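Per-chain residue numbering starts at 1, and chain names A, B, C and D are given in the order in which the chains are listed.
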Amino acid sequence: MPSSSVKAVINHLLKNDRFSSWLGIEVLEVSEGSCKISMTIRDEMMNGFNIAHGGIAFAFADSALAIASNGYNKLSVALETSMTFTSPVKSGDILMASADEISLTNKIGVYQILITNQDEVTIGFFKGTVYRTTKTLLES
Amino acid sequence: MPSSSVKAVINHLLKNDRFSSWLGIEVLEVSEGSCKISMTIRDEMMNGFNIAHGGIAFAFADSALAIASNGYNKLSVALETSMTFTSPVKSGDILMASADEISLTNKIGVYQILITNQDEVTIGFFKGTVYRTTKTLLES
Amino acid sequence: MPSSSVKAVINHLLKNDRFSSWLGIEVLEVSEGSCKISMTIRDEMMNGFNIAHGGIAFAFADSALAIASNGYNKLSVALETSMTFTSPVKSGDILMASADEISLTNKIGVYQILITNQDEVTIGFFKGTVYRTTKTLLES
Amino acid sequence: MPSSSVKAVINHLLKNDRFSSWLGIEVLEVSEGSCKISMTIRDEMMNGFNIAHGGIAFAFADSALAIASNGYNKLSVALETSMTFTSPVKSGDILMASADEISLTNKIGVYQILITNQDEVTIGFFKGTVYRTTKTLLES
């Protein structure tokens, strides 16, 4: 698909994604199978140890997975995800997620996502597998 | 530790956990190495497909991991997590997470967490590994 | 399916499974979605630290995944697997794997497998997701 | 460490690794935190579907994890591993594993390993987390 079509699909996907809005996700780059996104960590995302709750970095990576895998305009849902936490995240940190496609078949897509902070420290590494349905997101 | 001490440690942990508060997590049962918790899914937790964002069920499981693993009053942080998504979650659903310990050594704890909804449908299955530090949460 | 049919499917599956034969896998119990299997660890399975190579316990769990998921006579292949190693395995150890179904849909099955040794120590914990094809293993 | 020392550590590691010998692993490149290795798939590695047993590709990746993580001469053991299977492996295939370090702290190392065949098709993607002990492999 042309780059403008991929962007239209992802805009449609994110327009109604209320939790990605709450997270404050911004899309920096997107193409079929990959994306770069960013977000800024806020106080209300902290856990009881005064670092970001693990669910925040995971949700950020999971949004990157949705954006990278749905750009083909073929509705794709996460089956299996794993995340390694490598460094704590603090309030005010600016996170960047970079999603790349490892493998793509008609039914299954596999993606890796690296999450770094403003100091280019890796804070997490995510692997996700999606099931690709036969539905479209936008009619062509 | 006596049950009252485990509860005191977990109350201390959750008192300052702002994101678990946002999620609306309630602790139903807790002991060293296990817990049962619940939460209710709200509209603001939806993704662009009008089902709960994957980060919500993950965050819920990750809170269960923190509660089950920190009850020993030995500060424990997630190293590695994985989650299988087995059924979609909708607004208004009431989720229950049940966390059990698979293995515990001085440095490492391993937990499985089953997430079900109000109809007892399994919506996700989580495995988490924590690193156990030498710090305490509450002074004895 | 009747229990005898499940056993016929699994016998057919294992008859030609040369690597499971090399491992020395014995099926103790099998039904649709679950199984118990055992094997004995040999010197040639050791790694450079004189404990069993991680691939051995993984392969044992992966065979349990195949046995538990293929008992429906619907050819099922592993998509995603994860394994936590909780205790070392030595030559002469007798391992037991117990596989249980977490979730089953038309296309996807999810299984957990606990691996213990002869002293009932947990040596690994495995989670596996299979894709269920439309092919059968045995004609009915 | 100088490159010759890393090689000496890895030679020592592999010298007594009987299962990696059975697999037929050859080390093409090694440095602290990374490696490239290869192996050839044989008939006795097949499963009941006449493709390589999942434990074979996993074991190959797990050996790559050991080689990449132990090159620092700091004994490192796998805690947590996951593997996505993306394409079947057949007898006669020549596999290549490429291991890269995602994160390294005093206690924990995280690695990703891509496995491809002779046609440069990705057949699996592995993520592994090791615990780094205070023991050395070779005395300096």
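The working rule: a residue touches a chain if its C-beta (ideal position, glycine included) is under 8 Å from a C-beta of that chain, and two chains touch if they have at least 3 such contacts.
Given the structure is predicted, the values throughout are model-derived calculations rather than measurements.
With B-C and B-D as the two chain pairs, more C-beta contacts join B-C. At the interface between subunit A and subunit D, two copies of one sequence, more than half of the residue numbers in use are shared by both copies. In this assembly, D is the chain whose CA centroid lies farthest from the centroid of subunit B. In terms of their C-alpha centroids, the spacing between subunit B and subunit D amounts to 33 Å. Subunit B and subunit C have Cα centroids lying 28 Å from one another. For subunit B, residues that reach two or more other chains under the stated contact definition are 79-80, 82, 84, 108, 129.
Here subunit D touches subunit A in the complex through residues 80, 82, 84, 86-87, 102-103, 105, 108, 110, 112, 114, 122, 125, 127, 129, going by the rule given at the top. Subunit D makes touch with subunit C in their complex at residues 12-20, 22-23, 43-50, 52-56, 58-60, 62-63, 65-66, 75, 77-85.
Of all residues in subunit B, those touching subunit D in their complex are 79-80, 82, 107-108, 129, 131.
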